[in-house]
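Note that subunit A is present in both complexes that follow, paired respectively with subunit B and with subunit C.
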Partner chain A sequence: MEFYLQDWVPMASYIGAGLAMGFGAIGSAVGEGYTASEATVAISRNPKISDDILKMMLMGQAVAESASIFGLVIAMMLLFSKFPHQTWITVSVLLASGISMGLGAIGSGIGSGITAGSACKGLARQPGFKDSIQMNMLVGSSVAQTPAIFSLVTSLILIFSDFSSHPVSPTWAAILGAGFAAGFGAVGSGLGDGLVAGAACEGAARQPLAAKTTLSTMFLGMAVTETTAIYGLLVSFILIFREVPATDALAPAMALLAAGLCMGIGAIGPGIGEGFTARSAVTWIARNENHTADITRVMLVGQAVSESTGIYSLVIALVLIFVV
Partner chain B sequence: MAIEGADIVKAAAFLGAGICMGLGAIGPGVGEGMAAAKACEAIGKNAKEAGLLTRTMLVGQAVSESTGIYSLVIALLLLFVV
Partner chain C sequence: MEGIRQTQKKYGSAALSFAIITGFIFYLVGLVPICKGLILGTLFSILNFVLMGETLPMRIDRSKRSVFVIALGSIFFRYLLMAIPIVMAIRYEQYDLFAVIIGIFMVQLMLLADHLLKFFKDRIKYKN
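Let's turn to the complex of A and B:
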């Protein structure tokens, strides 16, 4: 069997489009389903404001939907773009941009959906503070979308960069690694951010007077939760933009692919764990504002420890790229 | 493209190291996050015991961290020793 480039480029673009939209559909669908379930519970609790709850649900679902729309956009681009300067790297680029966008949309979709669900729950409890709940929801779920946007940016950079002057081996592996780093790396942070923002929506409903403290803790917690997605983005940019010497050997190529996988998968756990921590901190600051300092301190210490495995992954990824 | 025995062994070691550290980081990350979440909750309920609770959280997280460190050790062994 012989391999022809003109067959493999369209094949890779179809597979990439399938990965982008297939994986990209998971998160938003699960998240919006969660929102709808919380909205029905909220309406049964407080049927008088069913219109407001329905509006809140639709607004939240619209934000959660954006992650899968990114996936759709990338899938369309992969299907219908013309790719000049085709080399064997193009095959890898098309697969990697699909992987990056598809996996990257999972976390943010679920996270934004959780935020919107909590906002519906909070609205049923405290209809008078609709504005502050809505503001928390919109700000929080937009921040929860950022990991998906990192993946989108990586996919677009991959699609529009010209790699034809790079050596085929090991660039193909670096590109695939970049796709995995940006894609898997966004899963944990997207989900974690959503948990934090959801707690802020419920907190604003439970204790409207503490809304300001709750919001600032939410931002602090989300910023820390976001870090592992940023490590993923960093590693994928290094893999995309670093000049690599041409080689026929398999080992240098596998080192670059492994760096991407290591940072991507390694970012999932800390992202989710730090999200759990910050969610609980925001919830309890809303209930017990007097002890904000103690709770914030233990939140940051706990998140720092939870971050450590993400940092180990970053170290191993950088060793794989620069040392071995 | 000539792929020789030593090359493919090294390639497998690199790939193994990356997957080892990547997958190995999931569990401790989630677990330590849960421990810290409950510590925040406990301090919210009983802030007088903040010192004791923080200490307990850190000890628990240190134990949970151990599997992450095992992954790190195995990854470094795969990269530099075998």
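Let's turn to the complex of A and C:
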């Protein structure tokens, strides 16, 4: 069975769309399922406010679902758009867009679901502070969607950029690498952000008077947690926009592909680890507001150490792009 | 479930009103595809939000595993529906694709905007 370029372009668009929607649905489905299970626990604890808990769950799930709607948008664009240039780079673009969006939606979907679940539990504990819990949930889970938005932006740039003047080799590998960097890079941060925002919702319920401090620490923790997703975005932009000399050798192409994989996979652990650190900081600031400064200092130092593995990945990715 | 219906009504009507007003402004300046795209996307966003609420009772009081299966099924069903405006925008030039995408997230935008407005109003009240 022989395959020609005109067969590969539609094949790549189908596979890309499948990856965007298939992977993209995982995070939201798990997140929404988690929210519903926590809502069940919350209702059994405080059945009198079951209507309020259901409302909170509905709002949280609506936000958690955004990540997979991004996946749907990209899948539809890959399936129904017309691509004027039928080259091997187009094949690579279609696959990379799907990879970037599909993988990028996983963490944010789960993260937003964790936030909404914690908000439901918090509401059962402290129904009188519904507004501040809801506020923390909506803001926190919206911020947790940012890594998925990075992936969406990367996918859109890939789809709408004109690569016709670029050499096929090694551009095909650089583009695939960009998809992996942005996609995998968003997984850890999305999940980590969700852990932090979830702790802020529980904190607002546990100690409503410390809600303001909890919210500020949540923002700080989430900002640091997101840096590895930003590294992923940075590497993917370098891979997309950097002019590379034409070559028939496979090694330079593999170096660019490896750079994307290195940064993407390397960003998963630090994103989740930093999320754990910030989650504990937010949780314990809510319990012990007087020691906010000490806890915040430990949080930042802990996150910086956890971040170091992400920085190693960034360095190796840059070496693979610029030196090898 | 009455509280959920009220929430759906509140954010659904806010999203539609915002889309119609913004769409009308775009219509007046001659950007008709953006107007149409925004309203089309918003209509499907509201439909999705309503369907989400209607499937809620199915997801309560179940085990974690069955909740996961129901949530996944619900997502796929609603997403088939959400695909309609995007396909329309890609196929027909009378709908702007980016306006449709923004419209699809209109309910979520209204949720966030409502709470942020409340938050800033409370802060101003507290300062005064």
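Quick notes on this structure:
The working rule: the second predicted complex is superposed on the first by the 321 of 324 C-alpha atoms of A that agree within 3 Å, B and C clash if a C-alpha of one lies under 4 Å from a C-alpha of the other, contacts with A are read in each partner's own complex, and residues count from 1 in each chain.
As a convention for this text, a residue touches a chain if its C-beta (ideal position, glycine included) is under 8 Å from a C-beta of that chain, and two chains touch if they have at least 3 such contacts.
Here the structure is a predicted model, which is why all the values come from computation and not from measurement.
Look at A:131: by the touch rule set out above, it reaches subunit C but stays clear of subunit B. In the superposed model, A:69 lies in contact with subunit C only, and not with subunit B.
The larger set of touched subunit A residues comes from B, when the choice is between subunit B and subunit C. With both structures placed on the common chain, the touch criterion links A:294 to subunit B but leaves subunit C unconnected. By the touch criterion defined above, A:302 reaches subunit B but does not reach subunit C.
Within the superposed three-chain model, A:262 lies in touch with subunit B and out of touch with subunit C [touch as defined at top].
In the superposition on chain A, A:223 makes contact with neither subunit B nor subunit C.
Annotation: subunit A has no residue touching subunit B in one complex and subunit C in the other. The residues of subunit B lying in touch with subunit A in their complex are 1-3, 7-8, 10-12, 14-19, 21-41, 43-45, 47, 50, 53-54, 57-58, 61-62, 65, 68-69, 71-72, 75-76, 79-80.
Within the complex formed with subunit B, the residues of subunit A that make contact are 169, 184, 188, 192, 228, 248-251, 253-255, 257-277, 279-281, 283-285, 287-288, 290-291, 294-295, 297-299, 301-303, 305-310, 312-313, 315-317, 319-320, 323-324. The touching residues of subunit A, counted against subunit C in their complex, run 21, 25, 28-30, 32-34, 36-37, 39-40, 43, 51-52, 54-55, 57-59, 61-63, 65-66, 68-69, 72-73, 76-77, 80-81, 131, 134-135, 138-139, 142. Remark: subunit C residues 1-4, 7-8, 49, 52-53, 56, 59-62, 64, 67-68, 70-72, 74-76, 79, 82-83, 86-87, 90-91, 97, 101, 104-105, 107-108, 111-112, 115-116, 118-119 touch subunit A in the complex.
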